[in-house]
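Before I ask anything, let me first share the structure, which is written out below as structure tokens.
Labels run A, B and C following the written order; every chain starts at residue 1.
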């Protein structure tokens, strides 16, 4: 029993913090809410670094992936809390902190789940807090519309996924990944495969994979930037972590033909990469472009997973996340600081904003360049890892040459979406600011500035420290 | 112990950080940093002049990660291009000495650009080459987009997208060459890769050989940068909108990157493909030579004229490289170097009149020789060099390339004959431009008050002018330094089948 | 007591689910869509219980547990969704999905 407590220490600490933050609201200690949340999350982060690996029944498994994903989720949560603390006033504090903590808790549960029920619960916990974050800005049409779209599309996807899970339960008699894998090992009846596919819709939705991506542009455009940074990063880490576990235990390559699983993943990746790039170039809103970037990058990560069981495939996905998360958080924070009117990030409204805050603009450029995959930034190495895994497998085995096409799609998507990122840079730096804006720029809130600097530093460091990739590879395949 | 070549990268890199802290003193920091590659490159070039050889000198190698290594070294061509980079960057810094808009950021970006370019010219590691090749795009985008003219946004973005799209396939190539090697001996070392070219000939990617795919990938990236017609359309915009100093860098250094990529990657790594495609590349070169010269005839804007002349002259590099004769390849590389002296000079001179007249229309000038005699002399020499007059630097490269084409015989002689036509064309557009700009009576009275070249302008122009004369009168040392490396390349390629 | 074979439960669940999907796809009123989602969730919950009763090995109560979780989460989801719809209604005076579109490329 105490063993279980030790394994789940981060989740338990986070739950306790969540309750404490909620109580702080009731007790009118609002100004302490963020401090409470931050210190709790830091404790959980510490615990996640120290906690032993192991399993909790057949439901949760802290394996190599969860052991990497948990600190990553908690670290991102710390950054987001720090940023929120200096962007929001005290009145919003407890509620925002509580929602963010719930989102992080959901991500932890999802990332560690080895069973469909905790997986669904984790996804729902992330969704419910995400809906509220997206619709946060009271009185804003766009924020409210974003929240409404998110909750309706998300609810439908989650219900569909649950229906698939219930069929899987009936057909396989089990809900844990290993049990489903054992069942598939004997035979692969069509109903089970179909139920499995329907059940995975919820994950695809969280990953914003085409064709379950349609909500993302609207939600990302309308929601407050910090909410986008939260729902765009934490669920991604969790979903990739659980996807790797599901693929390796529920759909083991030794039992199911690797070409078919990898073919399906490569197809999803190709569709996401191309659809996102082609639609991004017509977008005229910075946060909407970030949404298309999220879709394309999800495609890249899934492409990396399609190259399994090659040893560098999962490490490539992990590194991709490590590059994607700070760049996305940094870009959105920079946009939040640059936008002259809060919540409006249309390109025309950003015109010339880099002249008001040049350093924030430079940070934005670094983050966007990393998302575009330019060397020597982290995004380049991430793309390098994915391409390497895909080409190595695709060139090695003729029956998996679909990976070569997907790699081609990745390159094409990179070239096209560079245009979309350039549009943002052009608006921020190259276009003149409207004449009437002569109001003095308020000083940069120190908390946000610190988080932004950390994100930029991570983006640079991961790009220049080439051996980081090798270290990740080693930790995943000791 | 860090060696000289690594310092030539580190110095501009450190300087770019220092520039941001230095404020007004940034230009001194930048100039000091540029002198490092200039000194190292010149020393290496002198060593190749004294002891010609096809070997790599100043070699250094430090293991890095991902299989890449920081391996730097220069052969004769690398040494010459390194020296040229140092020179052109110093001159660009001097010509932007009085940059008033955010000078610290400007010089920091130029330093960053220098570090990337020097890395490309000195590295012998394919992955590092690619990283540096792509990394120079962002500083260039910012320099054109922020310090450029009226339509700078369009020009900057066009430049960025063309060059990015051109090199995107190269990333796949870099990785593919890595993964097809046997696991135990994988390397990104270009010298080692060149020895394994049979491996990619025998690997198939979606129906074509990896070698063909790779050759086309490098070719595309290089032809955009050269630029070869019809991939050249970004260049006139970029030149016209860029500030003078950036035009100087663009013409003097960045165009050489394309030729260098062909020389360093495309030919050595894919010798069989080079033999298959060489006719096409030569034809592209000749089309570029003639088409750009023809278009230059019709230009009204001085800077556009010089830009198209630049495209035309770079065509000789392609023709020479494709011909695979000793004279041709050497001539192509000599042309790359001398063009790196002549074209920046022309852009500097255009910048001089633009600073005074605030326009660049050819028909808006006349008789400038009267108020500005030193300027007129410089423009005369630079133009005659561009027209390929013997005794000036434009001559040896073009002559060697044409000689190479004639000796190759067959239809190569016809290509050579066609390319020779451009000498007439370039004489026509340059002399016509000279006639209208500096000769004749002073057509615009207000131009009588134009001051002649001041000390700073002379400091930027004189070194180039002297080198132009030196390379024209006595090209032997330069040719001698470049020839062994070129002949080694030819042996490698023609010995392949 | 209800019918004692799996098929009829599955049929009811399928009918519920189909109704829910149709509502989600065709309703223009956000409340209608929300009701559709709830129907889909309940179909899944019903199926969990039915499979747990007929298919699961003896002593396995995960089906029932799942149903309880689904009911709780469905309630939470309805609460969040209604709060958001209320926010939309307060700002737009409308919850028709066709008429509340401002976010677009």
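Rule of thumb we're sticking to: a residue touches a chain if its C-beta (ideal position, glycine included) is under 8 Å from a C-beta of that chain, and two chains touch if they have at least 3 such contacts.
Just so it is clear, the structure is predicted and the values come from calculations on it, not from any experiment.
Trainee: Using the contact definition from the top, classify how the chains connect: line, ring, star, complete or other.
Mentor: Chain contacts: open path, no cycle.
Trainee: Most central chain by CA mean?
Mentor: Smallest offset from the overall C-alpha mean is found for A.
Trainee: If you count the contact pairs for each chain pair, which pair has the most?
Mentor: A-C
Trainee: Counting only Cα atoms for the centres, state how far chain B is from chain C in Å.
Mentor: Here chain B and chain C have centroids separated by 66 Å.
Trainee: Can you give the whole-Å distance between the Cα centres of chain A and chain C?
Mentor: Centre-to-centre distance between chain A and chain C: 26 Å.
Trainee: As a quick test, compute the distance in whole Å between the mean CA positions of chain A and chain B.
Mentor: 43
Trainee: What does chain A use to touch chain C in their complex?
Mentor: So the residues of chain A touching chain C come out as 117, 120-121, 124, 127-128, 131-132, 135, 138-142, 144-149, 151-152, 155-156, 158-160, 162-163, 165-167, 169-170, 173, 175, 217-218, 221-222, 279, 282-285, 288.
Trainee: Would you pull the chain C residues touching chain A in the complex into a rising list?
Mentor: 6, 13, 17, 20-21, 24, 30, 33-34, 36-37, 40-41, 43-45, 47-48, 50-52, 55-57, 60, 62-63, 65-66, 69-70, 73, 76-77, 80-81, 83-85, 87-88, 90-92, 95, 97, 100-105
Trainee: Which chain A residues qualify as touching chain B in the complex?
Mentor: Against chain B, the touching part of chain A is residues 365, 369, 374-376, 380-381, 383-384, 387-388, 391-392, 395-396, 401, 404-405, 407-408, 411-412, 414-415, 418-419, 422, 425-426, 429-431, 465-470.
Trainee: Using the touch rule from the top, collect the residues of chain B that touch chain A in their complex.
Mentor: 64-66, 68, 130-132, 134-135, 137-138, 141-142, 145-146, 152-153, 156-157, 160-161, 164-165, 168-169, 171-172, 175-176, 178-180, 203, 205-206, 210
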